Amino acid sequence: MALSNEKLIGKMAILGVLDESYLSEIKKQGWKYCVGKAGSMDSQKVVAAIETAAKNEKVIQSGIYRETHSLYHAIMEAFHGVTRGQVQLGTVLRTVGLRFIVVRGNPYEKKEEGDWIAVALYGTIGAPVKGLEHEAIGLGINHI
Amino acid sequence: MALSNEKLIGKMAILGVLDESYLSEIKKQGWKYCVGKAGSMDSQKVVAAIETAAKNEKVIQSGIYRETHSLYHAIMEAFHGVTRGQVQLGTVLRTVGLRFIVVRGNPYEKKEEGDWIAVALYGTIGAPVKGLEHEAIGLGINHI
Amino acid sequence: MALSNEKLIGKMAILGVLDESYLSEIKKQGWKYCVGKAGSMDSQKVVAAIETAAKNEKVIQSGIYRETHSLYHAIMEAFHGVTRGQVQLGTVLRTVGLRFIVVRGNPYEKKEEGDWIAVALYGTIGAPVKGLEHEAIGLGINHI
Amino acid sequence: MALSNEKLIGKMAILGVLDESYLSEIKKQGWKYCVGKAGSMDSQKVVAAIETAAKNEKVIQSGIYRETHSLYHAIMEAFHGVTRGQVQLGTVLRTVGLRFIVVRGNPYEKKEEGDWIAVALYGTIGAPVKGLEHEAIGLGINHI
Amino acid sequence: MALSNEKLIGKMAILGVLDESYLSEIKKQGWKYCVGKAGSMDSQKVVAAIETAAKNEKVIQSGIYRETHSLYHAIMEAFHGVTRGQVQLGTVLRTVGLRFIVVRGNPYEKKEEGDWIAVALYGTIGAPVKGLEHEAIGLGINHI
Amino acid sequence: MALSNEKLIGKMAILGVLDESYLSEIKKQGWKYCVGKAGSMDSQKVVAAIETAAKNEKVIQSGIYRETHSLYHAIMEAFHGVTRGQVQLGTVLRTVGLRFIVVRGNPYEKKEEGDWIAVALYGTIGAPVKGLEHEAIGLGINHI
């Protein structure tokens, strides 16, 4: 299999977003990553928080559009997992409280596959009232 | 917060689907669960595999429609995370190889919240050619 | 309001699909309509059954594409109400048993609004097992 | 068939939202229900109006999240029928004027099926200009 | 084939939106059309700009709802091509800069097919930062 | 603007798919491309036809997954423009007859942006009956 079992970037991203103590494993791979939190009814604020963190912490190069483009689509894909139907929050009267991680590295055995990016989201989604919520997760993976 | 930190059913389902050794934690909660594998280009076969396992292993009662209905929607929601856009596999020329888990229990502090069901999926999605794939994850949660 | 209260084509289509005795009200308007049944896991068979009935009973003219085009989009819109998310049946392991009606007439006060078409669907959707189902409805309206 | 012909909750909800005089039939079943109106370009306001009515009139218990969760998904499903494609109103420059009903009861022959909830919407959708609109309907059904 | 090769309204709309010098070809057909620009993060502003232009330049009759209805759905369909997944702009943190054209005529050999409407969009979509964007196109066609 | 006006890959792809005589312009850029035709009710056959052509004519390298992944998503995005709502053909009883082009090159002024891929589709979509169809177009663009 072309995916290397020791370098499953999606699995590592999820474990990292679920448990901070796991981040050292990602560091050991020599991979770049950043973590953060975003809670909002405005879906665009969640996207912005992830993009800003990834640029500030140099996980992607902000001057190169192809890197922003790759990250954007990975974020959108992770959002599908969280929102499960419509990529909407406030417009359908719900809010999220999420932790996020962006990981960059090559999960394949072949060096030619180059870098890939994984965005994992974990937290809660629900009505804008404390306690009226359940958990949600999302994972987006893209070549970069 | 109404969700109990020791009983995060979504997080536990994901950890269980990523790592079999974690299943003992779910057992300790006294929760019902089942695990399995499903690989196919036919999305309906994946749905059927999960429903069959959950009924055979008594995670849900097969004679009661409300339980099947709850599970079905949790599966569909988990599929959104895996498919990220259209809940389709073969019709858009892609296939999945997934492990699944279905967990049933009450993740809330209040007893009145009753049972909830979590379906977590983890594996690969891609072209029907070995190696042309990346990881995918999905989580669906519903009251039952 | 431009919609005439005595000629609410959507309301009349729904009442007609719920109760055959109501069809005489539609006839009184001088409007064309047809009714039928379609049960299948193949979504295309439901579409075909409605199109065939509407052509056979001269609700639309089969030689004119604009009439088929109008009906097709009204069917698709009614399907959204029945399927509520993905316009899919068998591929997500579910089946429908539906009654349908196609009504053609002008629901507006102004004569210039010309004919409109309403497609109403009512029945059950669920697992391909008797009893594991609940009701569903859909209404599509288009100018023709 | 497991659905009882005398207790078709979806059909009764639609008839109730189309015609107030029908509400006495729902009352006869001993079922809880509430009705109301919501007109807006803001989809979240329509959701909020329905949730508020259902809680105020005790159709659902506001202190129990599983009841809010069930209602929310039933509302979203009914919205699919009204919006037919994207669950959006103002962001795609359209507005609705809707009557709604929420009905709670057991439509199945078996007592074990417990309570289900039906949300029916009926009204008009169109441009934010009087008269530029046509009818729309939606029905969502969920176990509660 | 019922579509006349000399009157391919979709092709002509696209060529017209890509290159102003092509508009004389549309004029030669005796067809009505209008062109314009719309740049915004608010999807409803793009819809409004196209509708306003089509009404002001008499491509559609503003007093007849069936014409507005036909145009609206053609715009929405063209938007699917531009947005490729969710018909959303600002809510998923992206913006567009588009040229648009609305063309009205009969592309079929048969006179009975009457008028059809084509909406073509061409421009860029991307992050709300200059240069972080790529091209996008959309075409919607409807009977009118 | 970062997009170079002389190298608008999307515009060139569309012009190339609409008119074969335009292909020489793409050749002049030194860009790789391939063209072909695909007509089917099976959406996966259209995807397969495009992927096969792009690999056979060396527009992408078949041994590198990141190139297949990039192409796949560009095809899916182009399909959104053609299908305008659900990425489905036969399952909603419609068929397409399409010409396609895949173009690979750097449309940006900066060399660091590397290669991008554009997939353009043009043809007809409609009922599986000759003449009951209208035109459709789609464009997908991705970094590769």
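Should a chain be cited, it is by its letter among A, B, C, D, E and F, assigned in written order, with residues numbered from 1 in that chain.
By definition in this document, a residue touches a chain if its C-beta (ideal position, glycine included) is under 8 Å from a C-beta of that chain, and two chains touch if they have at least 3 such contacts.
Here the structure is a predicted model, which means the values were calculated and not measured.
With chains reduced to the mean position of their C-alpha atoms, the one farthest from subunit D is F. More than half of the contact pairs of A-B, counted by residue number, reappear in one of A-D, B-F or C-D; that pair is C-D. Averaging C-alpha coordinates per chain and comparing to subunit A, the farthest chain turns out to be C.
Because subunit D and subunit E carry the same sequence, their contact can be compared by residue number, and under half of the numbers here are used by both. Averaged C-alpha coordinates put the centre of subunit B at 35 Å from the centre of subunit C. Spacing of subunit D relative to subunit F, judged by their CA centroids, is 42 angstrom.
Multi-chain contact residues, meaning those touching two or more other chains, occur in subunit C at positions 2, 65, 69, 76, 85-86, 88, 91, 116, 131-134.
In this structure, the chains touch in the following pairs: A-B, A-D, A-E, A-F, B-C, B-D, B-F, C-D, C-E, C-F, D-E, E-F.
Of all the residues in subunit A, the ones that touch subunit D in their complex are 85-86, 88, 90-94, 126-127, 131-134.
On subunit F, the positions that touch subunit E within their shared complex are 1-3, 8-11, 14-15, 18, 76-77, 80-85, 107, 116, 118, 120, 122, 124, 130-141.
Contact residues on subunit D toward subunit B in their complex (touch as defined above): 2, 63-66, 69-70, 73, 108, 110, 112-114, 116, 142-144. Of all residues in subunit E, those touching subunit D in their complex are 42-44, 47-48, 51, 65, 68-69, 72, 76, 79, 86-88, 91.
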